[in-house]
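Chains: A, B and C, in written order; residue numbering restarts at 1 for each.
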Amino acid sequence: MERRTIFAGWKLPMLLVAPQLVLTFVFFYWPALVAAYESLTRTDAFGIHVTFVGLANFRSLFADPLYRAAILRTVGFCAAVTALALGLGMVLAVAADRELRGRDLYRVLMIWPYAVAPAVSAVLWILLLNPQIGFVGRFLVTHGIRWDYALNGNQAMLMVVLASAWKQVSYNFIFVLAGLQSIPKAVIEAARMDGARGWYRFRTVVLPLLSPTLFFLIVVDLVYAAFDTFGTIWAMTEGGPAQATQTLVVKVYNDGVVNLDLGSSSAQSVVLMVGVVALTALQFRFLGRRSGA
Amino acid sequence: MRRTGNWLAHTVLILGALLFVLPIWLAFCAATLDPAAIDRGELSLIPRLGHLGSFWGVLAHGGPGVPPVWRMLVVSFGMALAIAVGKIVISILSAFAVVFFRFPLRRAAFWAIFVTLMLPVEVRIIPTYAVMGDLHMIDTFPGLAVPLIASATATLLFRQTFAAIPDELVEAARMDGAGPLRFLKDILIPVSAANLAALFVILFVYGWNQYLWPLVVATSPSLDTIVIGIVKMIGIDTSTEWNKVMATAVIALIPPVVVVVSMQRWFVRGLTEGEK
Amino acid sequence: MKRRTLLAGAAAAPVAAAPIVKVLAAEPVKITWWHAMSGALGDQVARITKQFNAAHKDIVLTSVFKGSYPDTLNASIAAWRAGKAPNVTQVFDVGTGTMLAAGPAVKQIWQLAKETGADIKPATYIPAVRGYYSLPDGRLASMPFNSSTAVMWYNKDAFKMAGLDPEKPPQTWPEVLQAARVLKAKWADPLNAQTKATTKGTAASAAKPNAASKGGLIRYAVTTSWLTWIQFEEFSAIHNIPFASEDDGFKGLGAVLQCNSPAHVAQLQRFMDMEKEGTFKYGGRDSAPDPMFYTGVVAIGFGSSAGRGDIVRNAKFDFGEALMPWDPAVSKEPHNTFIGGASLWAMTSPHRTAAEYKAAAAFFQFLALPEQDAMWAQNSGYVPVTLAGDALSRKQGYYEKNPGTDVPIKSLLRSPVTPYTRGMRLGRLPEIRNILYEECELAFAGKQTAKQALDKTVTRGNVVLRSFQKSVGG
């Protein structure tokens, strides 16, 4: 992120970052500190009895094989959702980045899923996939496929991956398209003159220019898959059957809001924060450098 | 050659559109059925066009337990707009500062902002609510929007966009004697227009779809957003009038779609025009 | 479309309750009630609020929807911690343990009555209802509100088709198993063969309108909603055996789970065997399987009595509501079931005035008026919570006009309440239920035995109980 040309002075930039920093400190760091403190305590939901327990919450968390399983499950889930959403988003954006008849209409149609409220999108997916009342689900069952996500963990996972990725494709589509639009036509033309065509041109010319956008999208998709899919998963499976679709954030919600186990829930939030900060730092080191950022 | 390329693109887009539109088409069809048809598994792909009354019904009179939909639309629109504009403004400013200046603790500031990508509202409800209580913002309109403005996604995007801007452009601006703020206004923002438009759409929808925070922080029915209205209409321990839920859900799609359509031309142009 | 419009006449008895509390201040007292009642139930809450305000000129009650039960509880906790708790909040049955441990955050009903002088007698309420929300010595902790219990729904048309007597539903588990086999052989299998034949013919059937109503559903004999509540907690009550020690937790925080007894293992094994022989279909957690009954997918569906409204509206067949079956090998006779649902809690707040508490007490008294209780029950599908409300409903001819609606009350009054039929008083019960779900799901998927599933439930559940006990300083 180092650039050679910069503006002088330090008062103006500090003034410019101030609003963002203030909001961040009040609405992120303060609650995060509270969470960090709570992770070191054993407390009831109302905060009436608070006992300092040191790292006991963390110890019991990592001693729990179900928690370790949830970490692995979350990694797989995030990778699957990101790959699917980004892959589809890119294919569609590349297709839409042409002088096509009806291009504007296509673009509107691609945005819709993102605008559907999570509560409704879960209902819609159930209408598609429920083995009894769903279009696709019923079709599978009557054609001899044992489709039963209430008991089959792999099928349940497949379902939440599909539903989660479906909602995120639009996001990827929009930004890849915006990124493609931002590539100067002259560059593409020059490549064409040089005889580069099709996939080769895309890979050698377009992709590198797109990489800052792709880097941004990978980060956002991973964060989306890790955190914002909670509503969809919760409405469809509540993390079940058994714990087959319980990702880390579903577990945080479940332990914090449903089970009111604030100590453990806070400890899990802290683990998540540390984990993702580390992951992001890594991304910046390896991906960020290559993406010219 | 070009022809076949277009056919391929059309095929891909039509398949994509089908994948995206089918569930929404289902919602539309469901809105025209009788209230219990979904529960009976009788949803069909052919809407009963003679039964569009549910749309007018919810718009004017609301559904079970909820006020008229138009009022919730107004609240949602205000909240989504405030969140989108708020986020974009503070993010452009901070990304601009981080990319184009050197100042003490610059890296620290960037990281301090950036790690906020990670903490979802669900996890920080109780402490955030306490902070809002201290600020006397519970059950107020600013209380709906302000905590959601703090996030790093937009900052990260602008940082990525700004970082990709060639040094020559900055150099040229400085030669012309443009100060930093003029550079921001006359060059940086036009150059980032495509991303800005895309981001606005995304953030608007993000704000539009907020559920948990508005539910917790607002208690006056006059602050009900449309998403809260939809969830209110989905019954527990009682059957749900799915036609009304789906009608509301479809109506709730309209404002985001209008935003998308009106942002179209910015998507299309963007840097290609700002380049001259 | 309002449910049960037929009954509107009977239900619309005018409410002429004299204001119970007279506050002399000119300014009306403002109180807030947070609730989790969505859909048509939200309309009933609005009606109650309006009628209460009409009857109490000196009080302004506002009711606010706060999301699902967990969301409402969480919002109330967050609000209390910020000093902004509502006067009254609705907490689901399984949150009772948490609220009882909330000490200064709540005013238990007996305490509220004592301080405000309001006349609230536990004896007003049906024993199996009040038991759930009482302290061991009988003092009321929270106000019974929306209550339901476990019942057995059955499809009379399916029974007829299978040659079973639709007026004699099975009463014991062996009878259920027998009926299930007959229903599979003579009802489900023939219809499924037909379904497969028709869908094979039309490949595009998945997208065909109304495929469901034309026989697109695969049928099974039995399913159950609320597997953990109905088939384990209520099962324990029906057989008067403990689900947990310390009288299901009523006597103290030191309770340990006892739901791995031979009787419980046999119960899970029964469902696993039925699943294997194709007479039982697991349809998911909580109320997720409800639609399987009213869409005609199963002939017998165990569920909450509050599901009646859905069934009345959706079922295109003749249906019956019956008492839960029992296992004669475990208990000679069946005992009463206890309730599910939610109750109302009075919450404290730093600047709360005596007048506000009085107003909250007046609201609770208003809900217990026989006309109010009966109207709420008839319009919502829950059971009346007061004895007088039940009697009024009977007098109005409601049970007669709606056969089966008295089954839940019969179930609650089936026997005198014993220490094991009062309810569940366990901390973090929602978590324990989820553990039980998870282990049962693994068992149904063939990954462990019934005994293993319940042993693991007890081990994992006890960890939760101990953690709760420590967290509330017990």
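By definition in this document, contacts are C-beta pairs under 8 Å (C-beta built on N, C-alpha and C of every residue); 3 or more make two chains touch, one makes a residue touch a chain.
Computed from a predicted structure; not experimentally measured.
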{"item": "Contact graph of the chains (line, ring, star, complete, other)", "value": "complete"}
{"item": "Per Cα centroids, the chain farthest from chain A", "value": "C"}
{"item": "Where chain B and chain C are represented by their mean Cα positions, the distance between them in whole Å", "value": "38"}
{"item": "Centroid distance [mean C-alpha coordinates] between chain B and chain A, Å", "value": "15"}
{"item": "Chain C residues counted as touching two or more neighbouring chains", "value": "71, 74, 77, 81, 207, 212, 216-217, 291, 295"}
{"item": "Residue numbers of chain B (touch at least two other chains)", "value": "39-41, 125-126, 130, 231, 234"}
{"item": "For chain A, residues that touch 2 or more chains besides their own", "value": "132-133, 135, 138, 257"}
{"item": "In the complex, chain B residues that touch chain A", "value": "5-6, 8-10, 12-13, 16-17, 19-24, 26-27, 30, 38-41, 43, 89-91, 93-94, 96-104, 106, 109, 112-120, 122-128, 130-131, 146-147, 149-150, 152-153, 155-157, 159-161, 163-164, 167, 170-171, 174, 180-181, 183, 194-195, 197-198, 201-202, 205, 208-209, 211, 226-227, 230-231, 234, 245-246, 249, 252-253, 256-257, 260-261, 264, 267-272, 275"}
{"item": "Touching residues on chain C, where the partner in the complex is chain A", "value": "70-71, 73-74, 77, 80-81, 98, 101-105, 195-196, 199, 205-207, 211-212, 216-218, 282-285, 288, 291-292, 295, 297, 428, 430-431, 434, 437-439, 441-442, 444-445, 464, 467, 470-473"}
{"item": "Sites on chain C touched by chain B in the complex", "value": "1, 3, 32, 34, 36-43, 45-46, 64-69, 71, 74-75, 77-79, 81-84, 86, 146, 148, 207-210, 212-213, 216-217, 287, 291, 294-295, 304, 306-307, 309-310, 313-314, 316, 341, 380-382"}
{"item": "Contact footprint of chain C on chain B as seen in their complex", "value": "35-36, 39-42, 44-46, 64-66, 125-126, 129-130, 132-134, 138, 212, 215-216, 219-221, 228, 231-241"}
{"item": "Complex contact set, residues of chain A against chain C", "value": "42-49, 51, 131-133, 135-136, 138-139, 141-143, 150-153, 238, 240-243, 254-255, 257-261, 263-264"}
